[in-house]
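Consider the two complexes below, in which chain A is the common component and chain B and chain C are the respective partners.
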Partner chain A sequence: MAIVTKEKTAERPAPISETSVFGWMRKNLFSSAFNTLLTLFTLYIVYLTLSGVFTWGIVDATFIADNRRECYDNSLTGACWAGVIAWFDNIFYGRYPRDEIWRINFGLFLLVLWMAPLWMAKVRGKVLIGATVVGLYPFLAGYLFAGGDKGLFMQVMISAAIVAFAINMGNMLTGLFKNVGLNTFLINLAGQSKASDKTRRNVLLGMFGIAFVAVYIWQMGWTAERVGWTRWGGLFLTLVISGIGIASSLPGGILLALGRRSKLPVVRILSTGFIEVFRSVPLITVLFMATTMFPLFMPEGFVLNKLVQVIIAVVLFNACYMAEIVRAGLQAIPKGQSEGAHTIGLGYWGTMGLIVMPQALKHMIPNIVGNIIGLLKDTTLVSIIGLFDLLGMLRSISKDVPWLGLHKEPLIFGAILFFIICFSMSKYSRHLEVKLSAGEKH
Partner chain B sequence: MNEPQTTSQLASAISSEVMIEIVDMNKWYGQFHVLKDINLTVHKGERIVICGPSGSGKSTLIRCVNALEEHQEGQITVDGILLGKNLKNLDHIRTEVGMVFQNFNLFPHLTILENLTLGPVWVRKMSKAEATETAMMYLERVKIPEQADKYPGQMSGGQQQRVAIARSLCMSPKIMLFDEPTSALDPEMIKEVLDVMVDLADTGMTMIVVTHEMGFAKTIADEVIFMDEGDIVERNKPEAFFGNPEHERTQKFLSQIL
Partner chain C sequence: MKLTTGLASVATLAVMAVSSATIASAQDTLEIVKERGHVRCQVGPPSPGYYNLDAEGNWYGLDVAVCQAVASAIFGDAGALEIQSVSSQARFTSLANGDSDLLSRTATWTMTRDTQLGIDFLSPNFYDGQGFTVRVDSGITSAMELAGAKVCVTTGTTTELNLTDFSRVNDLDISNVTFEDYNVRDDTYLNGGCDAVTGDKSSMAGNIASFPVPADHMILPETLSKEPLAAAVRHGDSQWRDVVQWSIFALINAEELGITMANVDDMRANSTNPNVRRMLGVEGNLHDGLGLEADWAYNIIKNVGNYGEIYEAYMGGGEQGIGIERAGSLNALWTDGGLMYSPPMR
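On to the complex of A and B.
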């Protein structure tokens, strides 16, 4: 054979079925008479369903009314959203005192601000920011929500949290506008252009120390009014329980998973036993155990409130599920990775923290988010043991005298709320996966 | 030990200082006796090539030297430190002994530069700037400084293996172990890796290399060791080893691969 192609073949545009919407539709929806029929039939079914829902939920629905009777007077075939709207405050905040609701909003606002830098490419020190969110924010938020007298411990933690928050915000601003961390910014301000890592750390610690003393003295001057946990409820309570559950079940799960893979037999057997026991029991059983049996094991006079017991149960239960997800993720990382880490002298924690865990966590994201979504939905079980979370609140609407028997609308509203929260989490996890695997193609 | 070398060989700089001493070492995988009564002394600057059929225990032997595998009997002393249960000794030895694997074992989630600076920064407590400088120097030496910000997955096998060599060198090890460094590579890429290894041998590094590249063995080895079924069968200077193998198992092996 001689030469087959002498000149390079010129590139041609792809056929229309690969590039345009119409091409795609023709290829996938209307390729044959039967497929066209099937497509039209499916569209008709979808239309029937959606138009029914639309008429009931929006066209014929009543949005403004004082009670259920007025809803019926207005329209017999439409939804009565007025009941849900009248209960909005209860649905979102439970029976939290109406004058104090700003504290919840403020707490959530703080959380959003606190975590915002994590999504900003220019801001430095993300690990530290993440650590303070998990380690300090809960104390500040907890006091903000519950109020009452501050013990010495709480005073210290609250001051630390406020200082960390302030430094975080300063760091965010210098990051956004000057593209440096707050400590580097201050060093530059003092006229030094270069500084060692040690100086930078010392400046950070110095800032923290000075601000801490100031804030500590300031916070001694005020207290927030006490709001008992029995008045917490609605979406707020759901988010508190699931938020703590999410934030602590992952670290707990990682520890349990490492324990289960440990070479030390005692650690391994204890972790395995713990995981298997909690995973073999339904959550509702764990919740009942936590609230009824747990106090029996405690020394006399030692009383934990029900909310704390419920949170402990949720955390332990989910940590065990997380542990199995983490274990699967760890097993997916080839042994060569930890051998490679050993040969450059990294010990067990260095290998886990720098090499194995970062790779494993990336593989685990879909499962972790799946578990988090499950956790959020599972918290509705607490309404069975007498906490008025989102579901509990929605169900009490039907027992309120003006809205007696109103079941459908509140539950649909709850479903929509849960869908919005869970769907956005799942979308975000997908986005995260794509982003994290951008650099590496295997 | 300093005998006249053939011209094709690199000059050798073996000192009398002992780097690795293995005495009566035995290892089992369960019931399977992998390494049998191994005795081996490696001096500073000595370059040893180990060859043998697969399953003969070559890899296991060098993996024992930096304690990736545990041995059950006998003693291994590396740079004057006895390998044993003492974890502190283990970590110390691993920082002194570099290792290059068949499958590179680079960290896919880190860039090339991060792969290289990780050890110096976290283990040797070097400052980031200093570690980066060292890393770039070694990337220069393995001839891929322009790839510093890429991820391992974006490079060819040969390039990855050169990065792996540079990663080990960044820890300034006293001994380098190579576990079939070219076995997973395309023929075109084998040469670029071997060139880097020859350069390294030239600097007087103590090296133990498990390989099937006999041309390479002839060029750099001070001694060639042949292993079969967990025994060190034959140990000789390369010219004698290849020109006039004594043991019949060595003869058979060489006739099959040459």
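On to the complex of A and C.
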């Protein structure tokens, strides 16, 4: 006799022991007597640590005080966050004049606004936007931060940057609301949508020229007060150094890597030599040489300020590491790819730029981001040669007389800041990897 | 630590290389400074009492005041100044290669430095010395009772060397517990990791003030070393050296004459004391030899105060001071038995 049900048995939920929190705990934490003991022991350790940190950092801590003595009067065993709070301006902006801090905030705001379209699916011309961020934004921001007299070159670059920013914003708006690029929008607006390519290009160039001249004339009447680099510091300085380092070390690294794989002996030997020399020397030595030895070899009266020296040193140093990462990525691309590119008639730059590099860069992302995070943290070394970057400022708190000896709290605060920055970078790189490798998931 | 020592030796080599060559600009630092419009004054990474940053990002301290005095003497403006913070490995190189006009940072005046590094020291503006801090309840009242003790000390300076010498000379068998960072050194001492701390007495006074219960600690009377801290300029530029040296003397002389920041205007207008009148530029031509304006010393006192006021503000009991007793110390005026002495200004 066969028992056959014609109806399918109704689906039942998984047993409660599999799905509930208790089921999970039983399976993973309390599966045997020994594991139960281990779990309890670990929980106890975690409790001890957390409660200690919580009591020291929150419960017994002092948040409002005028000096360290007042913190002690409040509690001898708690943290004294008041010192860190009193130094917030120094920690974030360094010795930047307090009335001018808006310039730093404004610069950062511009950057965010400038880069925002890169994340918007509807906006067109992302490559151009990316290029202006790297190529023009630094001039505008640099002037905004440093101020002083504008030379002719700076005037041109600043005007170009402002125009580029305006175009970028216009492009973003037309992209979001009309779903077209700014160029198409303007052509339509001018009633030239049916005109020939050449006329359309001339109309656009004309508009660009008018905007440029207008901005150029406007910016001549506007100067920002000069703020010397010695007043730059804190997180701001850390971000400036690592920002420039990041933006220039990748292109530099790509060039060096291509140079090292080049068939031209002079280029290859120079690139290899450069990479090997800089990689075999610790960063602190490079920084030290750049700031103390470099001026000795310079002609009399030639003074390159220390910040520029440091930035050059950081860029060169990191370009070498980046070059090796890029070279590793290039070597992972099968030879067939470039041979295939040659058969369809692409030259060297076409092969590299369109076929090899895009594939290679994707594989390099984890390493590149690792290197960038390393760079950000390496910049703290500049505090040793007397720049007041984030770490330099945090360490100075313990020397300020009202907060004498207060050194643990600032360093913990710095660790938290660094963690937030580095962790968000690594999360973003993970997101980028998933997005770029979407084509490989079937 | 190894790295730091290595860097220091590289720096020393560099200094020697530079000092053997003649620096063209060394002849006319004063002209260069006047043309530039501000003085480039070198201090070190913040150090309590001497040069510190406050929460507003301004420099303050005894050595900073010397920088401000020089700027006031030349430009009549204490703010005509670029303070450079340079690591101790690079300090003499930075002066020798022309980055800094003047070095005003707890540098101890020693013969080697004065004669071999291409720099000239001026007269000391602070006399320091190495000492010990102990817990009051340890019952120790003299450094001679430290036999077999564990002493916390920072590395890389002469402090550690002096301690070893002291231990050997007096047969005390002290064991050194070394640290790179003096905050960690103090924490270890506070948590019972060592019986005493050694360091410069001035900085230890400040450190004790920052301990949870300052009254539980005291500095022993013995002084292990001589540390005359002085400003320095490049070797071979007498004109510039005179300007800096007499700016410092003006601070001391003003205290001796009773000229303060508050009464300097009154003194200039009404004083009949010829010394005061000469110094403040009312009569005579003291300023000619320096190449400065007649009111150079007036500007110093007006902007910075006299030595006593500066000491009180940064080393003494002022709000930003680290609370070191001046009376009876080497830093008192010579009239009070100290070593602060200015040659006559006439």
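One rule holds in what follows: the second predicted complex is superposed on the first by the 393 of 442 C-alpha atoms of A that agree within 3 Å, B and C clash if a C-alpha of one lies under 4 Å from a C-alpha of the other, contacts with A are read in each partner's own complex, and residues count from 1 in each chain.
Note that contacts are C-beta pairs under 8 Å (C-beta built on N, C-alpha and C of every residue); 3 or more make two chains touch, one makes a residue touch a chain.
Quick caveat: nothing in here was measured; it's all calculated off a predicted structure.
Trainee: With the two complexes superposed on chain A, say which partner A:Trp87 touches: chain B (first), chain C (second), both, or neither.
Mentor: second
Trainee: Can A:Leu38 be said to touch chain B (first), chain C (second), both, or neither?
Mentor: neither
Trainee: Counting only touches as set out at the top, which of chain B and chain C does A:Glu339 meet: first, second, both, neither?
Mentor: A:Glu339 sits against chain B, while chain C stays out of touch.
Trainee: Report for A:Arg231: first if it touches chain B alone, second if chain C alone, otherwise both or neither.
Mentor: Touch status of A:Arg231: second partner only.
Trainee: Tell me which of chain B and chain C touches more residues of chain A.
Mentor: C
Trainee: Between chain B (first) and chain C (second), which does A:Val277 come into contact with in this model arrangement: first, second, both, or neither?
Mentor: Neither partner.
Trainee: Regarding the shared-chain residue A:Gly347, is it in contact with chain B (first), chain C (second), both, or neither?
Mentor: A:Gly347 sits against chain B, while chain C stays out of touch.
Trainee: Overlap the chain B and chain C contact sets on chain A and report the shared residues.
Mentor: On chain A, no residue contacts both chain B in one structure and chain C in the other.
Trainee: Could you please specify the touching residues of chain C with respect to chain A in the complex?
Mentor: That would be residues 3, 7, 10-11, 14, 17-18, 24-25, 45-49, 52-58, 82-87, 89-90, 93-94, 97-99, 181, 183-184, 186, 206-207, 209-213, 319-322 of chain C.
Trainee: Sort out for me which residues of chain B touch chain A in the complex.
Mentor: That would be residues 66, 68, 87, 91, 94-95, 97-99, 101, 103, 105-109, 111, 118-119, 122-124, 127-128, 151-154, 164, 167-168, 170-171 of chain B.
Trainee: Help me check something: in the complex, which residues belonging to chain A touch chain B?
Mentor: 196-197, 334, 336-337, 339-347, 350, 354-355, 358-359, 362, 439-442
Trainee: If you look only at chain A, which of its residues touch chain C in the complex?
Mentor: Spelled out, the residues of chain A in touch with chain C are 68, 72, 76, 86-87, 89-90, 94-96, 98, 228, 230-231, 233, 282, 284-285, 288, 291-293, 295-296, 300-301, 303, 384-386, 388, 392-393, 395-396, 398-402, 404-407.
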